[in-house]
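Take a look at the structures listed below.
One chain, subunit A, links the two complexes that follow: it is found with subunit B in the first and with subunit C in the second.
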Partner chain A sequence: WGSAPATSLLSLAVTSEQIEHLHRRFKQLSQDQLTIRKENFDSIPDLEFNPIRGKIVHAFFDKRNLRQESDGLADEINFEDFLTIMSYFRPIEMNMDEEQLDRFRKEKLKFLFHMYDSDHDGKITLQEYRNVVEELLSGNPHLEKESARSIADGAMMEAASICVGQMGPDQVYEGITFEDFLKMWQGIDIETKMHVRFLNVDTIAHCY
Partner chain B sequence: VLAALAALAAGAAEARTISDGQPPGAAAMGTGTSPSPSGTAFEETRLHVFTLDYPHVQIPFEITLWILLASLAKIGFHLYHKLPSIVPESCLLILVGLLLGGIIFGAEEKSPPVMNSDVFFLYLLPPIVLDAGYFMPTRLFFENFGTIFWYAVVGTLWNAIGIGISLYGICQISAFGLTDITLLQNLLFGSLISAVDPVAVLAVFENIHVNEQLYILVFGESLLNDAITVVLYNLFKSFCQMRTIKVIDIFAGIANFFIVGIGGVLIGILLGFVAAFTTRFTHKIRVIEPLFVFLYSYLSYITAEMFHLSGIMAITACAMTMNKYVEENVSQKSYTTIKYFMKMLSSVSETLIFIFMGVSTVGKNHEWNWAFVSFTLLFCLIWRALGVFVLTQIINVFRTIPLTFKDQFIIAYGGLRGAICFSLVFLLPPAVFPRKKLFITAVIVVIFFTVFIQGITIRPLVEFLDVKRSNKKQPAVSEEIYNRFFDHVKTGIEDVCGHWGHNFWRDKFKKFDNKYLRRLLIRENQPKSSIVSLYKKLEIKHAIEMAESGMISKVPSSVSLSDYHEGKIKPLSPTEMENMREILTKNLYQIRHRTMSYNRHSLAADASEKQAKEILIRRRHSLRESLRKTNSLSRERPVLAFCGGFG
Partner chain C sequence: MEVVWAVGQVGAVWVAVVFGLIVLPSALGISLGISEAYMWVLVKTLEWATIRLQKGVKKPQPQMPQTPTANGIIERDETPMEKEIARLHRADFEFSHIFYFCRKGFEAIVEDEVTQRFSSEELLSWNLLTRTNVNFHYISLRLTVVWVIGVIVRYCFLLPLRFTLAAIGITSMIVGTTAVGQLPNGSVKNYLSEVVHLTCSRILVRALSGTIHYHNKENRPQKGGICVANHTSPIDAIILTNDGCYAMVGQVHGGLMGVIQRATVKACPHVWFERSEIKDRHLVTKRLREHVADKSKLPILIFPEGTCINNTSVMMFKKGSFEIGGTIYPVAIKYDPQFGDAFWNSSKYNIVSYLLRIMTSWAIVCNVWYLPPMVREEDEDAVQFANRVRSAIARQGGLTELPWDGGLKRAKVKDTFKEEQQKNYSKMLVRNGSIG
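This part shows the complex of A and B:
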């Protein structure tokens, strides 16, 4: 099935069994085609209830996540790309050292960052942030947009204070860069939380 | 009059001594006649102004007193709020029973009344099982069905046979004086003592952070395990009563095992569908809707028992099948009634059983033998731990989410014995089991040990084993957002990559369900969800209130944030931060309908009710706001509609 170059997948540290499981899932989603499009994600019933459904699906097609040099959105992804996205959710391995852990963490946070930063300019602006919060709270139809906006504003305010310190009354905070983003997530141990439990670590990387 | 009173008192005492031979929850209904103290000769008596006729009401009177006592005991120990979290309720109930047994024993110098087979199996057990089956989260159950089945069936067999054989080995040692207990009797004893009743642990689970997997495993295992134990018990009991056992009998036993289980499930499912279908037509007679639920479930139980199939499996299957469809057909009030009544029945049942247990401990039903009792306890612990460990190693190969050591420890240590063991041992026919009292003593010791010692210590032990979390500071608003965002992402990815291929069957079933079953079993013209219907009712009620009372409003205003342009942000005051935090925590509903912890003794507020209430509150607020805006003449500062005031 598919000619995945071994080198690029070696870094994924997923067992062959899991690859097989994901492959089966891929085939189910793509209805036995070689690639998936955005429409294929509609066939997942549980995903409908997720308020940030759009962003999640979008993340699969985001070229930045697919480690491609260009920018923008892909129209369709193949199995290798699918695996690439899934690799962001692998759990930490016992034998990782400091540097690897750090790189690992940065990768995961970058994935999340790309979800916030929808216009791909490397910064989360106020409008983008508002957009995120509105989507997040969209599960409740009776919450006014105003409240969502003010929450987003408050959060940006906090971000500004953490990253830039005390601001003068005229200073404008452009947006959250990736470094600022990292600072905000410092308290939260994303490495242990951001993994899908079934991608369990036992074995060394090997794949067909 | 005095003479008459004395005569009646004597008559009452006589009646009491006769009926003391029967249990108070008396199975035999027809023996309430009191013998006349004066024999058969007709004597003329004067008219009595005041009479005391206890035997006339004895049976219902005593039943009521028992139940009342049990409930008062419950009130008693919930008075101190910390108590239930430290000590499982079962412990406290047993203590009350002990106390009561001591009193009865002290007062009458004879053993207190004990339970009777029919009473237990026909009246006390079904509510408990129904409760467990009805509140079982079906989706999670079926996702983990393989593992649950594995633990319940193979685990129970392992325990039963292991304990039976090792005890037989011990019995062979003549120094202990146990050589008259045969292998079959030991096997029977082993099977009845492996009935695990982790409800006490489940109550403690609420305070420990237990992941869903573990929760459903323990819960599901206990349910299936009860069924398996009863089947094994009956099997071995019939073996014990047969003179010779041929090979064909063993095969018949195995076949019987499967038939009993599957047959029970089929009966349950059938009656579940019939119940769902019946409720389709009950919209004119709402008042008796709950009755159907209980009647059909009970019917499935006793029908299964009639054919000597597993009543427990039947009632569980019936409850699980009926659940979905009935909930959509019945009215909101009936639904609430069903839930509460079910909890009430099962709570009463369990309480009664534990109190009986305490009462029966006191008295002359015992035969103490150090070796047997201590080895029983030892083997129970060893075999359970071994069983869980070995089985987990095997099943982990097949699971995508393996069970960790902590999970295994909880499953093994949480193997508390309870009501079922106790009842089964009491029901052993003494003719076939001359050493019955020994068995009773051993079972009681095991139950006490597990319920008290393990029940109380499991929570500290789990906390000890738990990974230390980093110290939490008050999360900032943005952190809250990030965390929630992140949870949604994770859930989404999990949905995309699917769990273990069960999705295929689940989706197929859902399609079949939508196409055929729902059309058949659910009444037409139903609102999509109970939230909407509840909301509609509340809205109507609110509209009436509004029309009658006029408006009241004092909306906390906040700094206007709506009149700046991109990029500029004004600082927010702490109260506003608080308000925002409140909004976030209130609005970010549970991502998936996470299972509420099962608690036999209370009903968690339904998520949809809470949501509906909140929707109503916000709607009310927004209505107020819009009315205020049209009424106000000038606007100095645009006021932000802020929902922070609702607690």
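This part shows the complex of A and C:
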């Protein structure tokens, strides 16, 4: 299937079987084309229920996640890009040392940060935060916008208190930077929550 | 001249062998044990092949969960949404929620439960058919030699044999039912029609090298009832008629299928609908009701999923069949994919290439369970009844139940489903007191 991006994938430490599975899935989604566009994600029924579906699909095309130098959104991604995004969700391996674990965690949090920071300016502003909360609660006729706003406001206040300490009455908290974001998540174990684990599909003797 | 005579002799011998060893026993309903011997040889060969494959695989296994499942390639956390979000809960709810939905989203992108059901079940071990050789690479010379022998046996011996049998079966079905159809209505006609149908079914099952195990025969569908089964392929009907007589329900087709339909309906009251009639649900229900009300008529056979699913799960049953009334006799059919994949992926293969694949597989092995009859209860509506029957079938056959509609093969998710899910989520939020 075209050029095999060997070196960049070695760092992912996924087995060749998993890559084959993912490639088959890629071909299914792209309908045998070489690239996927946003529309191709419409064919996944399970994804329809997800309130932050838009943000997840968006994340696949976000150039910051694709480790590309430029900014903004890509129109389409190829299989290598697909694998790059999937690598944010790989589980921890047993043989990782402290430094690797730390880098691992930072990468996952960075992915999440990008999801919140929709204008790519490196800060999560109150408005962006509200957007995310509204999306999470979207489609529910019983919850009003006010609830979404109050949740977002409360969260920003807490973020401010963690990161900046006590603020004066006329101090304005501009937005959560990535360092603040990391601080908020200190001590919380996300590595085991933010992953998709493959089963080991092996040859097994079938005896009748 | 001599050549023609020699070919004629060979042809005659061939037909005599086929007739004597296969057609005659099917007519009488006895078995000579040839297929059992064939299966035994096949099983031994496949076991040997699997052991060779295992020896060939030398990769060190990383620490990963060992549960193999034919139903998925990723480990899914089945905890309900509430528990999982509560686990992550810190002070602000939406971070934990975003984790949950992020992960679910990724899982859906890697593998979604629905699309998976419309492609063939993946085998955990190669069964020496090229079409299933997706994960396995060249292992050894001996294995390849066995595989080549297998190809020769399948294509040069089994395929012509099966083709002959199928031709005999279909021809005798058409001729037999037309002949029986000339008789005046009565018990003689019914008896003969049953004989003809059964014989031809048995011939056709042998044409596919089918080995079928029927369980709980005491629950076999009775006259005036409705037989309901999960659908995997067009040959499901033949599998069931091999053991009993049913009145088929379906749309009138053109071509060979149409000829068969027209012939068989003369002998036995099958229910064939014109294309225009099928759209009128009331007309369909009315005709079926009339048929069921007549207790002397054969039970009708219906596949409520509406489309072929890959035999690892049972999808939503359309409620139409359950509104007719009468007693429902559920039947679970589970194929063994090791010997041949019976699933018809209609978007990938047309009927002819599907039949060709079936006839060049090793065999079709399946289990059929007859379940105890069910009747709709007072306070149940058609949908609930349909779900109850579906659960029974899924449980017996070891299939997973999915709430999805088989129509998703071609269409998108209905909005009603989405709203249902969103309501669940918001109910949970309000309950947790996270809002207000």
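Basically, the second predicted complex is superposed on the first by the 197 of 208 C-alpha atoms of A that agree within 3 Å, B and C clash if a C-alpha of one lies under 4 Å from a C-alpha of the other, contacts with A are read in each partner's own complex, and residues count from 1 in each chain.
Heads up, the rule we're going with is that contacts are C-beta pairs under 8 Å (C-beta built on N, C-alpha and C of every residue); 3 or more make two chains touch, one makes a residue touch a chain.
Please read all numbers here as calculations on a predicted model, not as lab measurements.
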Next on the checklist: Using the superposition on subunit A, tell me whether subunit B and subunit C clash or fit.
Outcome noted: clash
Next on the checklist: In the overlaid three-chain picture, which partner chain does A:125 touch, first (subunit B) or second (subunit C), both, or neither?
Outcome noted: first
Checklist entry - When the two structures are overlaid on chain A, which partner does A:160 contact: first (subunit B), second (subunit C), both, or neither? => result first
Checklist entry - First (subunit B), second (subunit C), both or neither: which does A:20 touch? => result second
Next on the checklist: Which partner chains sit in contact with A:174 here, subunit B, subunit C, both or neither? Use first/second/both/neither.
Outcome noted: first
Item to check | Partner chain in contact with A:149 - subunit B first, subunit C second, else both or neither | outcome: first
Next on the checklist: Taking the superposition on A as described, I'd like to know which of subunit B and subunit C A:137 touches: first, second, both or neither.
Outcome noted: both
Checklist entry - Is A:112 contacted by the first partner subunit B, the second partner subunit C, both or neither? => result both
Checklist entry - Which partner does A:42 reach: the first (subunit B), the second (subunit C), both, or neither? => result second
Next on the checklist: Once the two complexes are overlaid on A, one stretch of subunit B runs into subunit C. Is it 200-208, 326-334 or 434-442?
Outcome noted: 326-334
Checklist entry - Of all the subunit A residues, which ones make contact with subunit B and with subunit C? => result 21-22, 25, 28-29, 41, 44-47, 50-53, 56, 86, 89, 112, 115, 132-133, 136-137, 139-140, 142-143, 147, 151, 154-155, 158, 188, 190, 193-194, 196-198, 200
Checklist outcome for this item: Note: in the complex, subunit B contacts subunit A through residues 400-402, 470, 473, 476-479, 481-486, 488-501, 504, 507, 510, 558, 561-562, 566-569, 571-572, 576-577, 580, 583-584, 587-589, 591-592, 614-615, 618-619, 622, 640-643
Item to check | Parts of subunit C lying in touch with subunit A, wherever the complex brings them together | outcome: 43, 46-47, 50-51, 53-54, 57, 59, 61-69, 72-75, 88, 90-95, 97-99, 101-115, 122, 124-126, 134-136, 338, 404, 408, 412-413, 417-419, 421-423, 425-426, 429-430, 434-436
Checklist entry - So in the complex, which bits of subunit A are touching subunit C? => result 15, 17, 20-22, 25, 28-29, 41-53, 56, 86, 89, 93-94, 112, 115, 132-133, 136-140, 142-143, 147, 151-152, 154-155, 158, 188, 190, 193-208
Item to check | Residues on subunit A engaged by subunit B in the complex (per definition of touch) | outcome: 21-22, 24-25, 28-29, 41, 44-47, 50-53, 55-56, 59-60, 86, 89, 112, 115, 125-127, 132-133, 136-137, 139-140, 142-144, 146-147, 149-151, 153-160, 172-174, 184-185, 187-190, 193-194, 196-198, 200
